[in-house]
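We just call them A, B and C in the order they show up, numbering each chain from 1.
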């Protein structure tokens, strides 16, 4: 009976002590004053503003993805520090230490699982966060710079994953890192096997050498990656994270109109719940699934297939289609630069702070959901993101031994002999193909249109534009099909490329129908040329208005990035369907695309 | 303040008098622009950048090790008569090379795919090297016959040492047709 | 709503965590140790201490935790009749003290693991499965160079080594720089990485480990390497021939013996203090040149293709006649001594004489010039000539009839 009052009494006494008062500067009754004091009286909480727009903290607006990424980063630091107590970065014992964690350390395997899966979750969360920020236009002025910092944070997150991958010193680790290191050796100028190699570069001083700490992957590499993973990259990431948070506060939230609410308890409670939810997910995942650990690293035996972690499989899949320095160095650079350039290219002020409004787009009888407010920006970005995930899917589920194509339901076989042998498109055709492809981007400036109109009549510009695009369509189509039919190497001579699906079909037509088959192929060239031309014509007007809007510099950057992205897609199709190894090759510069 | 940003209002030194906002006396102007205080500040910044840049560069150099704890790049691979005609994987385990003997002589490959550095395997029955990472295939001459590899396999320098053993040097590599079949990259050896 | 969510999530967290903790403490080995201690007299219980036990042998780079479950392996007075509580049979532990040899160096398995399946190596990514039963004999050869000296303990190993020579395996396979070059080197076949066996695994039932692979290969080589027919390949691809390894029709015990011998050929280099070197084998004394020739015929594996006593009949893609290796019974009739010597020296080039458009198959008569010394070649020729004499002796019809029938056979 006396107990409640006794406890209350003790509480009162404690709160009166100097020690208590020196730590907690305010009391905890729920008054407007203490709500405020909690936020700015606490070093951790005062990252938050005191009051925030009600709409900004709607779960369905942010999905808490930024906060979740940060929470996972904290979790990774904690579990990582714990793992460091048992792990020694020497090749002789590293693998054994990881086994020990699983077999002989209390909750060691569980902690390792948590660390591994939290890393995967963090990659997912960061990517989703980026997609969310893009779709809600939250990178638009004045937040352009913070988007750039965010892209850097994404790159660092991936680099953290990559460096952590080597530490278990198993086969998975060794070969993922071998592939990564080889990309460094293929980098232009600084890599020993790259193009435009500087005269003094050898295996003993190129980009790969400094990354690996020698010419082969050994203890020197392990300690390098260990330091990068545990100290250097987390340090950098934390620095940029501070900048990122600071800018969020300084630039204000992307939603800052409408009624405001107190951050304590409205936002703080949501953050707590999100963190708890992620914890539960992570705990269940770590219980259900053990982090992979293959056999001990062995440079003489490459696992078949040897796959990078899933988030790099898109990149690894790209490596099949292009020369290593293009797929491994140039394209990732373009992706990162392209992402960073987005807020500076996209000058459309609409769509800030709201999810894209969706309407319907009618294509013949079907209607597909389509953004109405920023259709171009949203569809291009989503196409890029989708492509990336499709590549990851192909790499994860459609590639088997010897990186052969297997459908997900097919059984892998180490005996299968390569079904599709690839051949290059003759350079002259490749050049025509690429030239026509990129020429599609040429705008038709208003001044030129006016001039033409004045000289040759009202319809002249439209007519010229249509003719131009149709012409390009036919050039592209012909550059793909003509060599398949006429070039002995690709078709008649049965140079084994004819077993690519498309060529096989055409071959079948010719065989069964004779001259009619050739007619059919001709018709196909015609139809696909028409189709490509038609698409060009459809976009011509939009293209011209984009040019007027952006001006030449932004237009060139935007369109170049877009065409490169679509070009990668096109090359993949050419490879998988037509068995084209490279469209254009300059062996002396390793320029094989 | 920094030397990289000269005050935008300062006129060109040839026409100081035309600007009323500036001191009339050119010496006064000169003193302000290049005088002792400015000199101290600007050369201070110069030293700062020299130090910082030098320090960063030296740190970059620091990351390039000068000594390596690695097996030597050149090694002896036993007597030529121990190798039958064909592809030998004997030295792959320790030194990561294949030694190929033809009826004309010897050459050796670095067992490293030119695509991304995985270790291919030799398949005698299919008469080709196959890389497990991205499916590149190479024939006995090292030329690419399938897959994404852009270049033929690298051949290592090979010669006979004084004691009659094969001496292989991985530091010197060649893969161009023509160059790789002669000089140090091919060891003529009769008696097959 | 938020409060409910908060309650559910925190509750879930703690429940899952408690479950994780419980699962972490409830391991195979804790259960076994409890089970074992319960069977002991209270007085004996203090002889056994709980927890993970390990034997560390730095020289052999081993950390073996097998004794965590196999608690009584070196305590016969406490041992029970069932695994994992049995004592080690025989006097082997006295000869090989656990502190010096640990466990996995002989028995295989994953010493560092503390879960049954993983410790026995029956898991993915562990390529040293437990050597069960008599297979453990294969480990003795790692240190005992002189296998004959311990032959009563390793009958299968001795037999296997002998069989390897008798069946002519050396004709095609090299072990430690000795043998023919037609096929894969077997010097380290006992630790061949699974990656290089994967293609064969597809053709055999589980379990897919080295032990069962060797067995399957010995029993029916063609089942594992049937080749790829031309019509299964894209045009332009060269046909993949089935393995040239003959079907030897080995009995079960022969398979076991050879399996033990092949498994003993490992990539394992124990420190010299562990090794008993092999005694140099006394040079064999032969009564006659023919005896010596027979020994040469066997030692260099001619038997593998030409069959026991040169009767021929093994399958061969190259052979001009009936796709079989020719019999050697009649060489005396067709070859002069010099011709025979040249043939042995230079071998036969792998030229396909049957169907010209097909690729060169992998079986041919190798060149023995630098491998068999001249006296041995002389003896070999004497032996081969003696085969014809044997034919004559065994024939009741006399030489002419034999020659006639030989002609028929050759045609």
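Keep this in mind: a contact is a pair of C-beta atoms (placed from the backbone, for glycine too) under 8 Å apart; a residue touches a chain by one contact, two chains touch by 3 or more.
Note that the structure is a prediction, hence the values are computed from the model and not measured.
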Which of B-C and A-B has more C-beta pairs touching across its chains: A-B
Farthest chain (mean CA position) relative to chain A: C
Chain A-chain C separation of Cα centroids, rounded to whole Å: 48
Whole-Å separation of chain centres (CA-atom averages), chain B against chain C: 43
Cα-centroid distance, chain A relative to chain B, in whole angstrom: 28
In chain B, residues with contacts to at least two other chains: 121, 126, 132
Residue list for chain C, restricted to those that touch at least two other chains: 195-196, 240
Where chain A touches two or more other chains at once, by residue number: 300-304, 401, 417-418, 421
Residues on chain C engaged by chain A in the complex (per definition of touch): 2, 5-6, 9-10, 12-13, 16-17, 19-21, 23-25, 52, 63, 65, 112-115, 118, 125-127, 193, 195-196, 198-199, 201-202, 228, 233-237, 240
Contacting residues of chain C [partner chain B, same complex]: 177, 181, 184-185, 195-196, 227, 238, 240-241, 359, 362, 366, 370
In the complex, chain B residues that touch chain C: 81-82, 84, 86, 89-90, 121, 124-127, 132
Chain A - residues contacting chain B, complex: 175, 178-179, 181-183, 185, 193, 203, 205, 209-210, 213-216, 218-220, 299-306, 316, 319-324, 328, 401-404, 417-418, 421-422, 581, 587, 590, 592
Parts of chain B lying in touch with chain A, wherever the complex brings them together: 63-65, 68-70, 73, 92-93, 96, 114-121, 126, 130-135, 137, 145-148, 150-151, 171
